[in-house]
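Chain nomenclature is as follows: A, B, C, D and E, assigned in order of appearance, with residue numbering initiated at 1 for each chain independently.
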Amino acid sequence: MLHFLLTVIRRDLLLAARRKGDWLTSQFFFIMVVSMFPLGIGPEPEMLRRVAPGVMWVAALLASLLSLSRLFAEDYRDGSLEQMLLSPEPPVLLALGKALAHWLIYGIPLLLIAPVLGLQFGLPADVIGVLMLSLLIGTPVLSLLGGVGAALTLGLRGGGVLLTLLILPLYVPALIFGAGAVDSALAGLGPEANLSLLAAFAVLTLMVAPWVAASALKISIE
Amino acid sequence: MLHFLLTVIRRDLLLAARRKGDWLTSQFFFIMVVSMFPLGIGPEPEMLRRVAPGVMWVAALLASLLSLSRLFAEDYRDGSLEQMLLSPEPPVLLALGKALAHWLIYGIPLLLIAPVLGLQFGLPADVIGVLMLSLLIGTPVLSLLGGVGAALTLGLRGGGVLLTLLILPLYVPALIFGAGAVDSALAGLGPEANLSLLAAFAVLTLMVAPWVAASALKISIE
Amino acid sequence: MAFSIYKYASPMTFYGLAGKLIPWFAWGAGILTVLGLYIAFFMAPTDFQQGEAYRVIFIHVPAAWMSMFIYIIMAFWSAVGLAWNTRLSFMMSRALAPTGAVFAFLSLWTGALWGKPMWGAWWVWDARLTSSLILFFLYVGIMALWSAIDDRRRSDRAGALLILVGAINVPIIYFSVKWWNTLHQGASVSLMKSPSMASIMLIGMLVLAIAAWFYAIATALTRVRGIILERERQTEWVKELLEKI
Amino acid sequence: MSDTPYLSVHELACARGERTLFSTMNFQLGTGQLLLVQGGNGRGKTSLLRLLCGLAQPLAGEVRWRGQAIGPAREEYHRNMAYIGHVNGIKDDLTPMENLRLSAALAGRDLDEATATQSLVKLGLERCLDLPARVLSFGQRRRVTLAGLMTAGALLWILDEPLTGLDIHGVALVEGLLRDHVTGGGMVVMTTHQPLSLDGVATVPLQVGPLLQPDEV
Amino acid sequence: MSDTPYLSVHELACARGERTLFSTMNFQLGTGQLLLVQGGNGRGKTSLLRLLCGLAQPLAGEVRWRGQAIGPAREEYHRNMAYIGHVNGIKDDLTPMENLRLSAALAGRDLDEATATQSLVKLGLERCLDLPARVLSFGQRRRVTLAGLMTAGALLWILDEPLTGLDIHGVALVEGLLRDHVTGGGMVVMTTHQPLSLDGVATVPLQVGPLLQPDEV
């Protein structure tokens, strides 16, 4: 059981390591989306500080969406997903493992980049702490829910965008609580309420999403 | 010549029509990205009006990017790109046709949705006019430049994100002039300067991009 | 005569039953709508705060209710379908979705119309409005997913999964006014407390709500008949039926 | 015990789209037997094989492993089964060796380096050990998949046109593998459109779909 | 004029990665001839065929069409040539008929409905005319590609394992097509690992890569 889960994760990490460019570019996407806003919005510091939490969270969400559309797609196309579903281990572990690997590869680096970008937007240090904490709790949610969407849209025409359509609504609570936490920290209020709602949402997702994703995979592969 | 160009365009329109969902969902992506910002940023109308041009332009850019990563990818995978390159007509027409089809499919609808979203953000009517004009001139640029990126990253692992990395910097002028035009209209200044710069950029792109994309295609397919 | 639920769970019998029910619900919906609109526009008094604009409520509230109810019913049918693999339940949730989407859209649209005079803006990003928008997106997403999958089995089951996952949004809409401080009105109709509205207004709203129910049932039944015919066109009874026409 | 019915199929039916590909199919397969699924293009061979694997669900009927439906017996069944489909199921970015190691790890098997190398060499891939699968030729990629089959140590092989793209030596090699596996007490369900010479192997033919009509020949 | 050298190859060399697959290859092909490219898996047959098409550039040497390098003569050459690779080149979302019409339109040819239907029916796809190619079986998809070849009306066919996935009737059909094309004054360059019976066709064999070493047999 645990062995299988770890193997799935290790496998995806290995594959990501082989596609050297890929891994980094997803992070670059994040940086770019965030950096483009000041270009579109204009350079006033006060305004930038105010929009920073929202922009960073939306960018994180888009960056994760973008990479998610490939979560199962390649394995599906080259037949290795089929092979993994034929393993004696339960598919829910497969779905969980893929989502966790996605988080390790695409979520964690966001966490590390976020503070730098936060500084660029003039966020104070304690707010940056809250930002990181909110991303730490929130990004697994993105990977887990995204796994459901990726499994549902597997092999469909236009899967990537359909995925967005299906998953963005489900992401909204994470966005609201996550950006809300940073916002309230910025406004000098405590971020605890929002953070604990976010954490509750994360726990709920962790318990439900892998099962749904596994069923979706089985349905999609038929 | 013209016949070939039209056939390429018709072909892509037909394929888009077959993937019913795909076409619509790309537009929904645009709507959603735009709609998510207020969730992250907070609901104050004055603030939202100020960030609206930037947000809409960035969203248009992302929506086009997302669909661009599939511009040649599917044709490459199923071998039909090879077949098209083996047609007696010059590949530059192929590249041009694909980019134009992309614009017709994904660019034009954005134009039509933009006013509605502009209303949601409380933009006045004349500013919405400028927004549409800027998108009308700007979206072909996105499709043409995106074609270059899509051709360069064809078949590379992680192409979609690499594409972003290559293309976003090229998009920046369009973003600056486009959002700038709307911004100055919003501030009561004339948008003409920005719009004419945008138009010049569009003409330049139209003349150069298809050639580059065609060479990139030939290299990528080897 | 013993009533058997299993009998009516077969598409063939259900097709006939639905055919008999549709006229009743359709006429009911028509009559109640006329009645409700009469109450709304001629009997209900002008509101002392909001003037005439408040009359949007008669459409807004039933539409908002229905958009949520229909989603819950779809979720129910989806769960049944996934659990027992009953063909009819997937057809039911498919037949309901467009109506639900229409009501969701109507609630957004009327809300926006109302917002302009009340809040001075077509749209604000508060929790209820946003979650209602998400509900609409969910409807659209579900229908997009269905139409993107050709294989009927796969499309039914994938759609059902998505519906179930999205069901969490409904309580969020409902309780959003309680959980967050918002511009939007809190619940004024509740089973627990006595209503805080003028009773004629309440009656008008309820009549229109029932009309909306009837309309939803009638359209869903009509659609489900179409779906049954399409899906069972291989079977003998449909072939016979089509020959008769 | 050459006829213990390990794998049995009861009243199986399969439909794709509007078409019923086959119905009321019944057969049994015991150790030491090879089931050769036959039928022209589009008759439903692949569909049948996917039902047998448990990748697809039948319209009616049941596939059983040692008398138990493969749904409940999934774990037991998949531990004893290996499947090769029309697509290879290997990762383009990994070398043949890494591919073998990975599939072994996912199936919970141990695979020592020597065995893996040996089977790759046996399949004529000695020159490609360090190349990513992406650059291999069509036939070489098929050979990597077959090397995976060799190292899987499964009792039941389900093979969908394993000879696609193989040259004559490759075909001879696969014939050898099949012969060894079946005579050693294994079971095979396979399809192919190419002639096979499997002397001494207990071969059970199974025709899928309607027999060819004269105008189709 | 059965030996006008339409297609000729001069001192062609091809390298993939570190390996030189072949060098100083020379041959000529005239009308009414079939060039059968032979060699085991991974010897470079596909690589050669892609060079011949102009899809890849040679390391050294030149491919000529009527005496002119195919670079400058590209338009003329591609008008007279049709290529089938390992992948089918058909769109999954379109029906077989639409696929044919589309490739004709892209090549600037007219294709009337009747001819198209006829060639699809000839390839045994009469039941699949309205299905998207996605749901077709492996062999049926290959047949769609071959129907495209039939309607292309090209002088030179370059075929990379056209028999992949075809059943015996399919193979016989392709043999018939080849025979008709070549005896009718066409040219074919093709590879296959399966035995072909092409009596009465002027077949020129070409071995790619080193001959098999004894230990590889």
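Simple rule for what comes next: a contact is a pair of C-beta atoms (placed from the backbone, for glycine too) under 8 Å apart; a residue touches a chain by one contact, two chains touch by 3 or more.
None of the values given here were measured: they were computed from a predicted structure.
Path length between subunit B and subunit D in the touching-chain graph (shortest route): 2. Across the assembly, the mean Cα position most removed from that of subunit A is the one of E. Using the average of C-alpha coordinates as each chain's centre, D ends up farthest from subunit B. One inter-chain figure worth recording: subunit A and subunit B are separated by 25 Å, centre to centre, where each centre is the mean of the chain's CA atoms. Subunit A and subunit C have CA centres that are 32 Å apart. Centre-to-centre separation of subunit B and subunit C, using mean CA positions: 37 Å.
Subunit D has its Cα centroid 49 Å from the Cα centroid of subunit C. With touch defined as above, residues shared between interfaces to two or more other chains in subunit E number as follows: 93, 132, 135. Within subunit A, the positions touching two or more other chains are listed as 18-19, 77, 156-158, 162, 165, 168, 172, 176, 222. Shown for subunit C are the residues that touch two or more other chains, namely 130, 137, 140, 144-145, 148, 151, 153.
Looking at the complex, you find that subunit B touches subunit C at residues 19-22, 24-25, 28, 32, 35, 38-39, 42-43, 45, 48, 119-120, 122.
Those residues of subunit A that touch subunit D in the shared complex are 3-4, 7-8, 10-11, 14-15, 18-19, 77-80, 82-89, 221-222. Of all the residues in subunit E, the ones that touch subunit D in their complex are 16-17, 39-43, 45-46, 86, 124, 127-128, 131, 135-140, 143, 161, 164-171, 193-194, 212, 216-217. Subunit D makes touch with subunit A in their complex at residues 53-57, 74-76, 78-79, 81, 83, 85, 87-94, 98, 102-103, 105-108, 132. Those residues of subunit C that touch subunit A in the shared complex are 82, 127, 130-131, 134, 137-138, 140-141, 144-145, 148-149, 151, 153-154, 157-158, 161-162, 164-166, 169, 172.
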